[in-house]
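So the structure is just underneath, and the comments pick up after that.
First chain written, first letter: the chains are A, B, C and D, and each begins at residue 1.
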Amino acid sequence: MKLHPVEVISRERYGDHVRIQYLWTGDPPQPGQFVMVRAAGHGLDPFLSRPLFAHDYEEGDVASLLVVVRGRGTALLAEEGSALLVSDPLGRGFQVTEDGPVALVGGGVWVSPLKLLARSLRRRGIEHDVYLESPAAASGAYLGFLKENFPGATLIETAGGTGSAVFLDWVGDLARYESIYVSGTAETLAAARSAAAGVVPAQLAVRERMACANGSCYGCAVPVWAGGEMVYARACVDGPVFEAAALAW
Amino acid sequence: MKLHPVEVISRERYGDHVRIQYLWTGDPPQPGQFVMVRAAGHGLDPFLSRPLFAHDYEEGDVASLLVVVRGRGTALLAEEGSALLVSDPLGRGFQVTEDGPVALVGGGVWVSPLKLLARSLRRRGIEHDVYLESPAAASGAYLGFLKENFPGATLIETAGGTGSAVFLDWVGDLARYESIYVSGTAETLAAARSAAAGVVPAQLAVRERMACANGSCYGCAVPVWAGGEMVYARACVDGPVFEAAALAW
Amino acid sequence: MVTRTTDLAVELCGIALHTPLLPAAGTASAGVMSANADIFGAVVSKTVTLKARPGNPPPRVAETPSGMVNFIGLQNPGLEAFVQNLGNFDSGVPLIMSVAGDTVGEFVGLCRRMAVEGRVSAVEINLSCPNVEHGGLLFCAGPESVAEVVAACRDALPGKPLFVKLTNEGVLRNSLAAEEAGADALTLINTVPALTVDARERRVLVKGGLSGPAIKPVALRAVYEVSRAVEVPVIGCGGVARGTDVAEFMLAGAAAVQVGSGSFAREPREILGEFAVYLGEMGLTARDLAGALGEAKPLSGW
Amino acid sequence: MVTRTTDLAVELCGIALHTPLLPAAGTASAGVMSANADIFGAVVSKTVTLKARPGNPPPRVAETPSGMVNFIGLQNPGLEAFVQNLGNFDSGVPLIMSVAGDTVGEFVGLCRRMAVEGRVSAVEINLSCPNVEHGGLLFCAGPESVAEVVAACRDALPGKPLFVKLTNEGVLRNSLAAEEAGADALTLINTVPALTVDARERRVLVKGGLSGPAIKPVALRAVYEVSRAVEVPVIGCGGVARGTDVAEFMLAGAAAVQVGSGSFAREPREILGEFAVYLGEMGLTARDLAGALGEAKPLSGW
């Protein structure tokens, strides 16, 4: 996998979340695509690069990522002053219809790709509502971040740290939307998928552990329906965004 | 092995050599002792710490190391801004007689421990001559370093990058010394050992690859004579300085 | 582009390779291999089986210290679907087909098909898979089953070299058995059985095969021991991630070298570039490395 | 000092261990073990042989990606010299003696001697050494030779637990054979045969055994498979370098855990401290980890 050394412009902390901005003059990322990232100067430890959604991409060639530190890999990426190596944008992102209104539903660090998606919808004049999970335990800094970055979004308080089906109730009748775009916790993905079934086309940004990120290794398997049969698609090239109806969960 | 985070005061480059100075308030290193060092923030890659001779130790708790970059381990240590973890001084160094004159013979990065040895001899008023190899290919910066750090030393030009027996010829009749202390290339160690045999007591600072550096692993084997039999001593606790006559080379 | 001032060419069972670097089976897609045909001496397909295989349920990969564990389960579309897309491999360098079966008969069927496929220069049989006729023991579980499948494949593949890919367990006696049964080259080694555990989640992460730099010393040992015991060429595989790794394998006795997981962390192009720089600095060609390995010596010169 | 608010105590063959962490044989000197008696549940001696062994010529160690290769050659002063200095091990925690021989008879002699040595709580037989009566094949080369030596040792060591230390090659069948022959516990795993090469010097660096984090997934797999197949406790060993590694081994099925090369890179004290913090955060005791391993699950929640 070809990685490019990039110039990191800023690292801003919002509670547990870190927004990393870097200069990017390569192919512009599409909403729902991801990049492979590693910290420079650490040789091959950790061994694998880390997948992160393209969070935003602005005029002036500023790309951003939104990261939650989980283990050593993300800790090194978030570390102040650490130089980054970043791939081209990868994978198949959200396939956006020309018709609105649509809903964007997200939670946790997985709201990340919805920012770029909202920007793209705005640019194309497609009406959209944004619903974001606001966990009771979330820091004020993170909530501030959500409000600033998703102006007009409905923040829905959920108990516990992770998403819940209750969250979807708040979104209300999904039939009023042409499409919904979901990137949230495992619970939210599952709940959105069942709520949307037969009601509205839904696209889900899913995650699976990756190694090559270029379709070579078949490591990032996601079960999907193909001609009535369950087969494993690859999150890195066939996704990470999948039609909810296609997922064989 | 217990390692202490230390404050690095300076890294100065002299050609291929780097002098690293750090604050040290623990046990003062004895001439010929070494420390285990690793770069902080790199987890367990490289896996093992690197042994380096105590180069100098001054009033004001400033310890120094002299390093030649060979591979990744030394490159990380020499890297500007890299934080270091350093062990206590380890091993058995030079055993200094009370009588002079003595000779210090060295070459390459292995001159390192001779600086602290010369300081100690000076402090104790023991007369000593210093002979250092000055390879034809050495940079001016390194030669300047040698002249500044070993004032009054005789620099002996040798062809090729490494020591040679010719070097020892220049030192002349070893019988005029009470003792000689050698830390140089493999060739210099071997040549000094044979030149000194039966003429003058010689102590050699030897190297062997190390893992534990505390006598546990028996990795750093050095063949020595013990009661007429060849046995393997451990460079890390029985050395790194050995009587030349004891070495079973 | 790797500079061609350094001579990288080697020969493997009569196949001219413009570099000694190959992709390891199952670690490079046809697209990735085509894009790298200028740096790979040959390309190696993912392991293909007679019938399509769905592969294992996720998670299939997990990181480990200097390596990774995979549990892919030979996901592939099956022989016929694969052969229909052989055009994907028209990249200008030889194609080595990796195949595997559940029975000796399946291996034979695959080899027969490859024998008549003009695009295929050699076949690599992957013996790290269960032999359903023998209670699910791996084909490479012992020298007898290795000999049986190799001899049958050798017959079924007239006129083309047969490479036999083995795991580390029992590698020396299995290699001898494979050579005796007609193998033209040995590919060493496949992944090492391993397990990863997530302590916080208190779960198995992945139970599968370990690859990457972590296993390089194990693979080097296998190549070293086997290349000294057999006449046929050995293809080194396991942990290659830097140019000097390629040199280490060739010094240890490999005629060519495969890169697998290392290409996930780095670009094979960079690895081959480093290897060329190494050769340039040493004033050597790739061929010079064969048998140029000296004995260990202590550091302080005795 | 590790905080004692967390319950770290475990039990191994009737021996109470105040922590589950032990040093791996041959990786901690008596001095280092005494200085760490407050954090080691028991101490394990370097492998002792009947007669003194000089060890192998240097170089004996080389670094590898996330690991190291050693070629020490069991350098030790021999049984009698060792026994005279048993006082070095009076550190207040049980002493497990590691022994090895060239013949079954030597193993038996060593066990007999240990049976009467009050300071010794258990014996760990190191079967990764050549059996000179069988053409130099390792004792752990196959289940028959494992069974033979284990049964003989079991007889020779009345009243004390016998731990059997095995390598990864053939670990499952060898473990079953050892248990059948009377082993009270299994220590898994010893180093993995490996080779390091210095490409610039074009030399072998060290041909020996691989240890360190690189082999952790291999050791975890061995512990996992074997602990599910035997009744006796398994002692995990291989690549421990962090507190969560101890937890991973215990989750995989280990009753106690040894740290070897990891203690060269870090302090065992730090490792046990991290393990205690982990347990505290998880609200668990060391004993709770046994059998608490769940199955793998995909990331996106299906």
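We adopt the following convention: a contact is a pair of C-beta atoms (placed from the backbone, for glycine too) under 8 Å apart; a residue touches a chain by one contact, two chains touch by 3 or more.
The structure presented is a predicted model; accordingly, all values stated were derived computationally and were not measured.
Q: State the pair with the higher C-beta contact count; candidates are A-D and A-C.
A: A-C
Q: From the C-alpha centre of chain A to that of chain D, how far is it in Å?
A: From the centre of chain A to the centre of chain D is 45 Å.
Q: Using Cα averages as centroids, what's the distance between chain A and chain B in whole Å?
A: 55
Q: Rounded to a whole Å, what is the gap between the Cα centroids of chain C and chain D?
A: Taking the mean C-alpha position of each chain, the two centres sit 33 Å apart.
Q: What is the distance in Å between the mean C-alpha positions of chain A and chain C?
A: 36
Q: Counting only residues that touch at least 2 other chains, which ones in chain C make the list?
A: 57-59, 64-67, 212-213, 298-299
Q: Return the residues of chain A touching two or more other chains; collapse runs of consecutive numbers into ranges.
A: In chain A, residues 44-45, 208-209, 222-223 touch at least two other chains, as defined above.
Q: Quick check of your reading of the touch definition: is the inter-chain graph here a line, ring, star, complete or other?
A: Topology of touching chains reads as complete, every chain touching all others.
Q: Which part of chain B faces chain C closely enough to touch in the complex?
A: 44-45, 185-187, 189-190, 206-209, 222-223, 247, 249
Q: Enumerate the contact residues on chain D facing chain B in the complex.
A: 26-29, 31-32, 54-68, 70, 72, 75, 212-213, 241, 261, 263-267
Q: Please give the residue numbers of chain C that touch chain B in the complex, ascending.
A: 65-66, 298-302
Q: In their shared complex, at which residues does chain A touch chain C?
A: Going by the criterion above, the answer is residues 1-2, 38, 44-49, 73, 208-223, 230-232.
Q: For chain C, which residues are in contact with chain D within the complex?
A: Residues 57-59, 64-67, 69, 169-170, 192-197, 199-207, 210, 212-218, 220-221, 224, 239, 244, 247-248, 251-252, 278, 282, 292-299 of chain C touch chain D in their complex.
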